[in-house]
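I have placed the structure first, in the form of structure tokens, so that the comments after it can refer back to it.
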Amino acid sequence: MKYSYYPGCTLKNKAKDLDAYARASARALGFELEEIEDWQCCGGVYPLGSDEIATKLSSVRALNEAKEKGQDLVTLCSACHHVIKRVNDDMKNVEDIRTRANNYMELDEPYAGETNVLHFLEVLRDKVGFDKLKEKVVNPLTGKKIGAYYGCLLLRPGKILGFDNPENPTIIEDFIRAIGATPVVYPYRNECCGGYISLKEKEMAKNMCDKIVDSAEGFGAEMLITACPLCMYNLNKSTEGKIPVVYFTELLAEALGVKEEVEI
Amino acid sequence: MQRIGVFVCHCGSNIAATVDVKKVVEMAAKEPGVVHAEDYQYMCSEAGQAKIAAAIKEKNLTGIVVCSCSPRMHENTFRGAAERAGLNPYMVEIANIREHCSWIHKDVEEATKKAVILARAAIAKVNLNTPLKPGESRVTKRALVIGGGIAGIQTALDIADAGYEVDIVEKTPSIGGRMSQLDKTFPTLDCSACILTPKMVEAAAHEKITIYTYSEVEKVSGFVGDFTVDIKKKARYVDANKCTGCGVCQEKCPSKKSLSEFNRGLNTRSAIYTPFAQAIPNVPVIDTEACIKMKTGKCGICSKVCQAGAVDYEQKDEIITEKYGAIVVATGFDTIKLDNYDEYAYNQSKDVITSLELERVMNAAGPTKGHLERLSDGKHPKEMVFIQCVGSRCADNRGKSYCSKICCMYTAKHAMLIRDKYPDVNVTVFYIDVRTPGKNFDEFYRRAVEDYGVNYIKGQVGKVIPQPDGKLLVQGVDLLDNKQILKEADMVVLATAIEPNPDVRKIATMLTASIDTNNFLTESHAKLRPVESPTAGVFLSGVCQGPKDIPETVAQAGAAAVKAIGLLAKDKLLTNPCTAKADELLCNGCSTCANVCPYGAISYEEKEVNDHGIRETRRIAVVNSALCQGCGACTVACPSGAMDLQGFSNRQIIAEVDAICR
Amino acid sequence: MSIETNEEFRPKIVAFCCNWCSYAGADLAGSSRLAYPADVKIIRVPCSCRVNPMFILRAFEKGADGVILCGCHPGDCHYSTGNFYARRRMTLLFSMLDYIGVENGRTRVEWVSAAEGVKFSQTMNEFVEKIHSLGKNVRLGDLRCKN
Amino acid sequence: MQELINRAKELLESGEVARVLGWKAGDLPYNPEPAYFEKAEDLKDFVYNGFCGANLSKYMIEASKLEGKTMVCLKPCDTYSFNQLIKEHRVDREKAYIVGVGCKGKLDIEKAKKLGIKGIESVSGAEMTDDCDTLTFQTIYGEKSVAYADVMLERCHVCKGKEHQVYDEIIGESKDTKDAERFAEVEKIEAMSPEEKFAYFQSELSKCIRCNACRNVCPACSCRKCVFDSTKFDSAQKANVDSFEEKMFHVIRAFHVAGRCTDCGECSRVCPQGIPLHLFNRKFIKDINEFYGEYQAGEDTDSRAPLTNYTFEDVEPSIVTERG
Amino acid sequence: MSHVNKVDQIKEISGVNPLKCMKCGKCSASCPSFNEMDIKPHQFVSYVQNGDIESLVNSKSLWKCLSCFACVERCPRDVKPGKLIDAARQLVVREKGQTYLSPDEVPELLDPETPQQLLVSAFRRYRR
């Protein structure tokens, strides 16, 4: 099975490990991530204004490339996922945006949201299946108590992203179970880490992350996992190394026994 | 050629403000067949009807057109007026120039033009009308009440007291409904069971009432006055005639892990069970999913301990077919599922409960024996938070668009009862609005605040955050203070929206009673016929029609009973004469019409006909006008046009089409 | 004086409404003052299944520009099954009209319950707009005209 | 053919049947016409060959009213129509002795004429016992041979198969002559733009002279009195050229037989103006198959016809707009 | 630019109908930045209703909203206050050419771990 893959800017730089572990794990699980050509940055945040077109075009290009290849488009970074999935929804359901974006793009065939956008976790859940994943685990992380940190970008708005129940998600917990560890459910796992606010309002972001980390620790988490480089950055400021924050793909690679192959 | 009179109503200014009624009169007078046209302030008034009668007599009218409000409003009024003046009531047509014209258009010229066209269509139709005579059908003097809650019980008692037989069909093992689950009732704080149980007993003892519990309506056919209903009596596996209700079987049953439906799943019950101590009938049922004997064939303890020998594992479902003249729907409500509201942590914490669950917690026969305690650890709470409007007043597809109506009052009741019994417990209520219309209702709510010190905060809760120590952090807002609030609570109670019992959809379909977008049954007229369904002979009682509290439900139950009694008191009903009729010279006898008739009203006869001198025996469709309800499906199925519908004939409808497109 | 003034295109639209749901829905639209263009004229029929394709073609023949049929939602028919038959009949009829080159959208079926005044009004507004975009009905009027 | 005549004689003489419904020779070698034979000696005029396209099942409506049984010759495709008539109680199965006659495709003389064959004196190669591969015409200009399939009726190119659906006995061999897609022509039209579709049907229908040949021959159009002849819809034929049925006759006719039409193709065969009328019926058949599942009218006598049936999940009429 | 125009502009950009609001406050109850804001999320809706766009575009809140969509997700009336805040922010960055972030100040805000995503997002939100 081959998927089109949109890594996004951070995964080429600060979060190379998030990307590398995902690719190695994909190989171990028998699917391939085919990086689309000449992708451009998604912009990091979804342009909310209903009149914003230009800022959505980089996503449309990526989506259209996947469409032309007839593949689903897989993303890994939470922000890219959020932006691309929402733009795709616009292209599918908002006539005005679709028309105007297509006017800019001048494609042979207009793009109308045909591509299916999947987060890597969704591939694991819906395509591979957590049961199958469990079978492929060679190095179960038994006994590890792990708190899943979702943040906001993967979950909300729930209706458009359709990723999981936005108020009580389970996909990462199911993932944690599949790799043999024990999930720790804590109520702040879908609260915002502060996101881009941490550039200028460091204190504000820290306050938010403190609540998340305290809650997770309080419920017994020994480690936090995330899919988002920005979440990890913000959370790390709060934990100050007390409990580790790692990418879910790292644990996946470890469980599948391919972590050592990966060179960062 | 008909002699037609046209009567244009002003409806005060309702029509006259937007439609130039004089112009309509002037234009209508020019139409073929029209020999009289006039306008009047209120045609439906006695004076207006007198004008119609006078014109019929003076001008020898053979048909009339009233340009007025919807025929759904006053068709019967004008038909009555015509009949009293000696004109066949089916020679009356209505042009709806109010709902379909003056009320939706602003421009006088445009509205007038349209009113003229609507009048023309009605005139064109009445030109082709023929006098029709209603048939008669009998009335079965027995009523069916679907649902055995307080609404159903009250309706049944009222009908039975008037001397008619009534059957109650209740899906669960006992009558009593939601009210039997309540602890106390507002605004008087009587014990719910104390006022309900006597009514349950009375219904059970009433010689005119038959109660089918653990039973469901399977099939309904027929029509007003003559419904035929199949009732499925599910197997109880206990012989009601032998059981003494001693309860030993329930004590000895080794399978005790099923969640108690009556206690909203807060505790467990045995596999053989009566839902609650005062159940009527006091005859247990066996839950086949939980019963060890049913699942494995081994066990049989209940049978062994039953001295009356009432347990019968071989019992089968039974279908009872009965005829009824009237049907009352009283299927009630349930609380909505909270899966869409996980921000309130209902699925994550045992200490977040719905108000109905709190009723069980507060009730002496409930899972905590009436002690207020946390369901997670049994500890007595110190801080309780109530959240209002959970799933009500939502426009986002997660919840219900309507106000559930009863929550403000029961929350005040809960708050008051808790503060009264446990003065050490602090109670906070997050509300959007407090809605207390009703006799002594606002006073009741104010008492909760003023006499019992309940802390009402205007604002919603965003999230309930379970803490590692088991407490619940409630993150809400105080809009008057403009502050976000983080409140630590031991228990959170959600005023969960109510919705019609999910089974009502199936029942409505069987009854062909219409249902609104929220699954509430539609009443025939929102103001003037609130307890009648648009389907003749079907009446509505209680929350199945819309959210209601107990006094309103009882009042409506009585009203539905009166309407049913009014129907049952008649010996015969006049049937709708707008039925299908086959032209025997055109009929091919092909059976296509019978294939689409939902009432089985069409049969075939070998009949000798004289077709322009050719005498032959033909297979001809014959419509039983007592069974035909006049839908017209057959008329379109018929390729030769032999089948036509009286009152809505092909030529009549085509005349309307022509008039509109002229 | 004639009240027929015809400067701009004012479409003629016939709406067949079943007595139990859609006619009541139209009444509700009226009592809720939910406006829709006066071009729509309603004909009351007992059930959507009473509407013969002949009526629809007749309307077009006589100069209608659009015909819409409204009935109870499937499953909610007052006569249990009427709208199911209407649905099949109209699906086939509309498909045939499309096949012989009549513009799509001149005919429509919409299920409107007695409680859906808003939907009734919205539907009529949309339909009138659609007919405006299609313009005058020419094709159904002169199908057999010699070239 | 002789086998057929012998059997007919036998049945007539034994009194088992009171008459035989078949074809008799016309004034030309290619225009036999339906005929009753009541006496054995009359059978000398009996013919059965490739030009006997007429579907005799509709004649059985009247024959059912007569005294005694009628032996009727039905080709495989005709038996669908007969079944459909049984279903609609229009013919009496007990009154019919059905001889399923062999069929290897029926001929369209117009096609031969279009191939330039004129002055036909006799035809060979179209007998029931022939292979029906080649057809030979003796004309005043000499002998001409053509491939049988080139002069076959349109309907035979989409043959429903060689099996008789209902019969008492079978005489002669049949052949499935299907060599084209049944819905190809319909699909071609569906693919046109609305303007092209309209232009196509306008030009075809403008040829119609309302001779009613299609209606008279159609086994499904068996109404005692057609709506277009009655006052029931204010649609009776009027002198006025603008009357309703002048425009919509064919649409309504197709609608009235939708779900009942067996696609026997008689309408197109008899149209003197050569209008491909079967395209209306076949469009409905295609839609019915697509929307409500495969259905072949006349395959049985008890199934529920598509227009007198429904499911809760049926497609909405808006599908017509949505599929574009 | 008149007030009316700005109100329309905000409604247009956000696609929000403020009249749907029933003033329940669930947005403010959900907002993680509530305490940092001078005009609270629920007030955004009434400010737009009342046409006081000036106060909105000058508020601190514009720069405190995280676009975390908690208010959007939980609003029972589908009003989406977060979209209104964003629309007001758009007005500022588009029209006045104002920016909340100048490239000059960026270097001092960075540390070795800062992911690209953070810069990209902040630029997108704070600048045209």
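Labels for the chains are A, B, C, D and E, by order of writing; each one numbers its residues from 1.
Keep in mind that, in the parts below, contacts are C-beta pairs under 8 Å (C-beta built on N, C-alpha and C of every residue); 3 or more make two chains touch, one makes a residue touch a chain.
Note that the coordinates shown come from a computational prediction; the quantities given were computed from them, not determined experimentally.
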{"item": "Set of chains whose contacts include both chain C and chain A", "value": "B"}
{"item": "Relative to chain C, chain with the most remote C-alpha centre", "value": "A"}
{"item": "Leader among chain pairs (count of C-beta contacts)", "value": "B-C"}
{"item": "Furthest chain, CA centroid comparison against chain E", "value": "D"}
{"item": "Distance between chain centroids, defined by C-alpha means - chain A, chain B (Å)", "value": "48"}
{"item": "Separation of mean Cα positions, chain E and chain D [Å, integer]", "value": "73"}
{"item": "Averaged-CA centre spacing for the pair chain E and chain A, given as whole angstrom", "value": "24"}
{"item": "Centroid spacing, where centroids are CA-atom means, of chain B and chain D in whole angstrom", "value": "54"}
{"item": "Contacts with 2+ other chains: residues of chain A", "value": "167"}
{"item": "Touching two or more other chains - residues of chain B", "value": "343, 463, 596, 637, 650, 654"}
{"item": "Contacts with 2+ other chains: residues of chain C", "value": "52-54, 58, 75, 81, 85, 89"}
{"item": "Pairs of chains found to touch, sorted by chain label", "value": "A-B, A-E, B-C, B-D, B-E, C-D"}
{"item": "For the chain A and chain E complex, residues of the former touching the latter", "value": "8-10, 13-15, 41, 43-51, 55, 77, 79, 152, 155-158, 166-167, 191-192, 194-201, 204, 208, 228-230, 232-233, 236"}
{"item": "Complex contacts: residues of chain E adjacent to chain A", "value": "12-15, 32-33, 36, 63-64, 66-70, 72-73, 82-83, 86-87, 90, 100-101, 109, 113-122, 124-125"}
{"item": "Chain A contact footprint on chain B (complex, rising order)", "value": "339, 341-343, 345, 347-348, 463, 465-468, 473"}
{"item": "Chain B to chain C touching residues, read off their complex", "value": "23, 27, 70-73, 96, 98-101, 103-107, 109-114, 116-118, 121, 508-509, 512, 514-517, 522, 534-535, 578, 596, 598, 629-633, 635-637, 645, 648, 650, 653-654, 656-658, 660-662"}
{"item": "Parts of chain C lying in touch with chain D, wherever the complex brings them together", "value": "52-54, 57-58, 61, 74-75, 81, 84-85, 87-105, 107-109, 139-147"}
